[in-house]
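Structures incoming, each one as structure tokens.
Same chain, two partners: chain A is paired with chain B first, then with chain C.
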Partner chain A sequence: MQILFDNLQVLFQGLALGSIYALVALGFVLIIRATNVVNFAQGDFAMLGAYGMVLFFTTLAWPYWLAFGAALVAMAIFGVLFNYGVYYPLRHRSFLPVLISTLGASIFLQNTVLAVFGPQPKPLEKMLNTDGINIGGIFLDSQYLMILIVTVALVAFTYLFFEHTLLGKKLQATSQDKDMARLLGIPVALMISITFVYSAVLGGVAGVLVGPILFVSIGMGSIIALKAFAATIIGGFGDVTGAIVGGLLLGVIESLAAYHISVPYKDAYAFLALFIFLLFRPQGIFGEKVSEKA
Partner chain B sequence: MQRLSLPWLIVLGVIGLGLALLPYQFETSTYVVQMFMQAVTYAIAVLGMVVVLGYTGQINLAQAAFFGFGAYGVALGTVSGDINFWISLGLGVGAATIAGLALGMTTIRLGGHYLAMITISFQQIFDLVLTNWIEVTHGPDGIAGIPRPSLFGYELEDDRAYLLFCAIVLYLLMFAVWWLPNTRLGRAMRSVRENQLAAEVVGVHTLRTKVIAFALSALLGAIGGGLYAGGFAYISPDNFNFMRSVEFLTATLLGGAQSPFGGVIGTVLIVQMPEWLKHLPESLSFIKDVYLAVYGLGVILIMVFLSEGIWGLIKSIRAKFVKPIARTDTTGVKPLDLELQGADAPPLLQVQGLQKFFGGLKAVDGIDIDIQRGTVHALIGPNGSGKTTSLNVVSGIYKPTGGKVVLDGEDVSQLQPHQRAGRGVGRTFQNIRLFASLSALENVMVGAQRDNNDVPDGNRGLRERAMSALDFVGMADRAHVIVRNLPYGHQRLVEIARVLAGRPKLLLLDEPAAGLNQTEKGEFVELLKRLRGHGLTIFIIDHDMGLVEKVSDRITVLNFGRKIAEGSPSEVLRNPDVIAAYLGTAGKVN
Partner chain C sequence: MALLELRNVTSHYGNVQALKGVSLHVEAGELVTLLGANGAGKSTTLKTISGLVQATEGDVLFEGQSIKRTGPEAIARLGISHVPEGRRIFPGLTVRENILLGASNRKGVPRKQLEKEADEKFEIFPEIKPFSGALGWTLSGGQQQMLAVARGLMAKPKLLLLDEPSLGLAPLIVQNLFATIRQIRTGGMTILLVEQNANMALQVADRAYVMETGVIVTSGPADELSQTEDIKRAYLGG
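Then we have the complex of A and B:
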């Protein structure tokens, strides 16, 4: 019986961790769909969000929810800057220069934050003031619960936004065919900017959520981003549902494997899972096989 | 590609050797010598990046892991295993090469972003193993006391001697990497970089080329790493993590990925930059604190403003003074030989019950076509009738859902495009697919180097064959022009020359006259007639009925993925079903 409880406990934590991957992966996918570019600074969006919270909440001592709002506004502004600084000048080039440019952005962001906040990891308050609740022997930490709740809410919002609003439809049209969208009078550059803003805010939320668990540090984004990217491939490259399912799956696999096999190699399981998928189902869970057209 | 002449090479060699000998001439601190040692060993690893990224266009974010294979090979071999330095180095390099082969194999299905991710994953796992497998790797503490080797009985104990040795290794490898692009393998690599699909169809074994590129990259990385371990006597996992891979990548891009000289310049700059910052005046010393941030910003700026790196900049300055060859001397070009054996055998190509479905869409649904030797066979039909799909199945880009493609009595349905090219299937593309940054001559040479082509070994034979093919289409005097700079009509001709250089048994032309003006079309018809005169078998798709009528012996008409008519041009173009397919059923034409 105890074994079952332990496993459920681990499963719960895995789902929460997976939610973080899913949020970052969702941001990844939105940018991939809009620009066909993998943003290697996606994890640093989470890092920046968390440091925004450190600045507004810890340093400036604003009320929690005001600080949270301010951090997200800052992320939205950052999304615009990122678009015009990193992606826009290279929009007509192949994927490789853009990919490398985002890699450069990642180094830049991490080290700028390092210069401002120093190397010491910062603690961050939990969202709620309670520790958590105990249900039938399984302890549900309040922060883990909040992660799950916020993720579900954001995923639902994203779905409604893209499927049931005109702006969402325009964003979808832009990601499908930029030239056609432009001919239909959709301001493509603006749509791409909005995508970056949305993606940056998603990343920021993920950072604020995970901050209390991992500590806020310069490198926190890198490892999250790699796993989120792995999640997008496992789920199906460029597929929104795939990103979320892939993220959750990866979180669960990782937590269970760490619990049952070995902790030091915790970070390796995600990559092993990725390798296995790439070998046997490279199109991912929801992806379709694509072949180049002649 | 512009080549350096021999005198320049000698000058470069003398300068390089002089640099490496400097420590002998002047009193240099160990510190400075070690910095050079770092630059030289890193540069060897960066040469690997030049091969895989610069030449082959495949991203590799695991070069530090390969570097680590070499370093740990030497460290574990000499310190833990008490084995000779050279044998340890060989083991490390061997292990790295095998890892490189394995990593290259993943490109069988995955390129681009996936490859970036795969190589990062590999890098991260390598890092985790180095840190956590403490019994073997000594974990984060690293390994100290790594000895230096002896060479022909001479101990390379002295820092200066060891540096000189490493520098010589670097120069030799630079020379090899510089030599590579103009070999068969090098041209194959560059064709993969420029247009992988076209390379495969023209006959380049693209997977093998990419695998070799990765293996070479790993090999060079490991040599650099092994020498690094000997040079510094101490290594730890920090030297081989993801950031180091990014550093190798940045050095490659900063210097210019497509040249070994660029790569080495980039490496020296990346290694030296932090040192220069130390000498900044007090008022500017804040830059030191944000050095890495500036470095990240630099990466973005390089991508935006200096896409071909410093070497590209040097080349473009040089191009202002040295005029490129505009007209190529065409004296002594031999006429193109297109003769084939066994011209009276049964049908060359038999397409039997061919089906190709995409999900629920039946693009091609059970067609049969026999193409007789020495004839021009046209495939026509309205848009979306399955013409290009059929051609893609014949050339191997798609595998058929059902039915067979039989070439010369052999079922080739499951063969890769390059294998079919090796059996004499050549094709051109609807939207021209050339290797844009290669010269016309190099494009055609790639076509000439297909498997089983009857061309004398070596570059000379290939070049002659390519010149003949260019001459055949009237482009010989433009042989040295980079094809990107040629006008559209000329690009079409180069693409045809590229196929002809491979002496095709069967020539597949996908809308070859699209986008040509009337004069060019007229010339093109003449070219086709000449090709038929040489006994070539041609399978052509085109929308221009006038052209099709003029050149073809036989026409097959498709509609909605099925064959609706076949016969001589006069029969087919009067067939009521064909007229209905083109003009709609309600129309009656008298």
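Then we have the complex of A and C:
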């Protein structure tokens, strides 16, 4: 019985960790679909969100939820700047210059934050003032619980937004065929800007959520981004559902393997899972070979 | 004043000159067809009108205003709807969503109104009505073409540009499609139709232009052109 409880406990933590990967992976996928480019600074969006929280909450001592809101607004503005500074000038070029551009942005952002906040990792308060709740022998940490709740809410919102609003459909149309979208009068540049804003806010939320667990540090985004990228491949490259399922799966695999096998190799399990997928199902869980039709 | 006028337009794909001084005009209410072989520059002419390709010289006038330097999004808002070659249906959106997005050039129309107009399009194209909820890529070529025209009409355009609607379709479906084009035209739509199927195009058109390698070589009323020996030999297989 105790073994079952322990496993459920680990599963719960794995799902929470996986939620973070899922949010960042979702940000990856939205940008991949809109611009055909992998954004190497995606993890740094999470890092920036967490530092935004450090600035507004820890340094300026604003109330928690006000600071949270301010961090998200800052991320939205950052999304616009990122689009016009990193992607937009290169939009007519092939994917490679854009990819290098996002890589450069990542280095720039990490070093800017380093210069402003220093190299020391910062602690961040939990969202709720309680430790957590105990349900039948399983302890649910309040921060892990919040991660799950916020992720479910964001995924639900994303689904409603993309599937049930005309704006969401226009964003999809833009990602599927830019020239045709332009011929219909869809403002493509604005749509891509919205995608970057949305993706930056998703990343920012992930950073604020994971900050209390990991400590806020310059490099926190890099490891999250690597896992999230692995999640997009496992889920099916460019697939929205795949990004979410892939992220959750990775979190669970990582946590269960760390508990049952060995903790120091925690980061390796995710990439082992990636290798196995690349060998036996390279198109990912939800990926399918795209068929061209006349 | 012509609804659309091209004055000695040249345009390039990279270093290749695709149009070498094209002049043509379309009057309101007309159905004009642009004929010619593969690579004559017909599609480029349409792309230059809708703004996907920029004219390097000459001028493009729509309702008397130059649109030579206007982007495709803005041209769509002015009332030119371009149904491009290859249909370009959004593969991951449903048939209905594809149609709804056709109205993206019209600002501030309530969703309800758009849904109603989409239903009207299904009346014009009953073939695609059963597939309303199906994803775009699952349709056959003929159904995709119907959908592309339906989407183009949602823009409520003053001018409809149709690029090779018959391409790759079975003869019976082509007949059906042209009957619908004739019907749309009777409703008062101004249409510039690019076709390789000269026979069909000349049957529905008022006037025709014939292009060869980037220039217009002949023009005139459709019924006259279809009697011309050169045209018969070159395009009508007789």
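Some notes on this structure:
The rule is short, and it goes like this: the second predicted complex is superposed on the first by the 289 of 294 C-alpha atoms of A that agree within 3 Å, B and C clash if a C-alpha of one lies under 4 Å from a C-alpha of the other, contacts with A are read in each partner's own complex, and residues count from 1 in each chain.
Operating definition for what follows: a residue touches a chain if its C-beta (ideal position, glycine included) is under 8 Å from a C-beta of that chain, and two chains touch if they have at least 3 such contacts.
Here the structure is a predicted model, which means the values were calculated and not measured.
In the superposition on chain A, contact of A:A173 is made with chain C only, not with chain B.
Judged by the number of chain A residues each one touches, B leads among chain B and chain C.
After overlaying the two complexes on the shared chain, residue contacts for A:L184 are found with chain C alone; chain B is out of touch. Once the two complexes are overlaid on the shared chain, A:L226 sits against chain B while remaining clear of chain C. In the superposition on chain A, A:P89 makes contact with chain B only, while chain C stays out of contact range. When the two complexes are laid over each other on chain A, chain A has residues 291, 294 in contact with both chain B and chain C. Residue ranges of chain B in contact with chain A, taken from their complex: 57, 59, 106, 109-110, 112-114, 116-118, 120-122, 124-125, 128-129, 131-132, 197, 201, 242, 246, 249-250, 253, 289-293, 295-300, 302-304, 307, 388, 391-392, 395, 397-398, 429-430, 510. Listed in rising order, the residues of chain C touching chain A in the complex are 50-52, 71-73, 76-77, 81-82, 84, 86, 88, 90-93, 97, 100-102, 104-106, 111, 114, 137, 141, 151, 155, 168. Of all residues in chain A, those touching chain C in their complex are 166, 169-170, 172-173, 176-177, 179-188, 291, 293-294. Within the complex formed with chain B, the residues of chain A that make contact are 32, 38, 40, 85-86, 89-90, 93, 95-101, 103-112, 114-115, 222, 226, 229-230, 233, 237, 264-265, 267-268, 271-272, 274-275, 278-279, 282, 291-292, 294.
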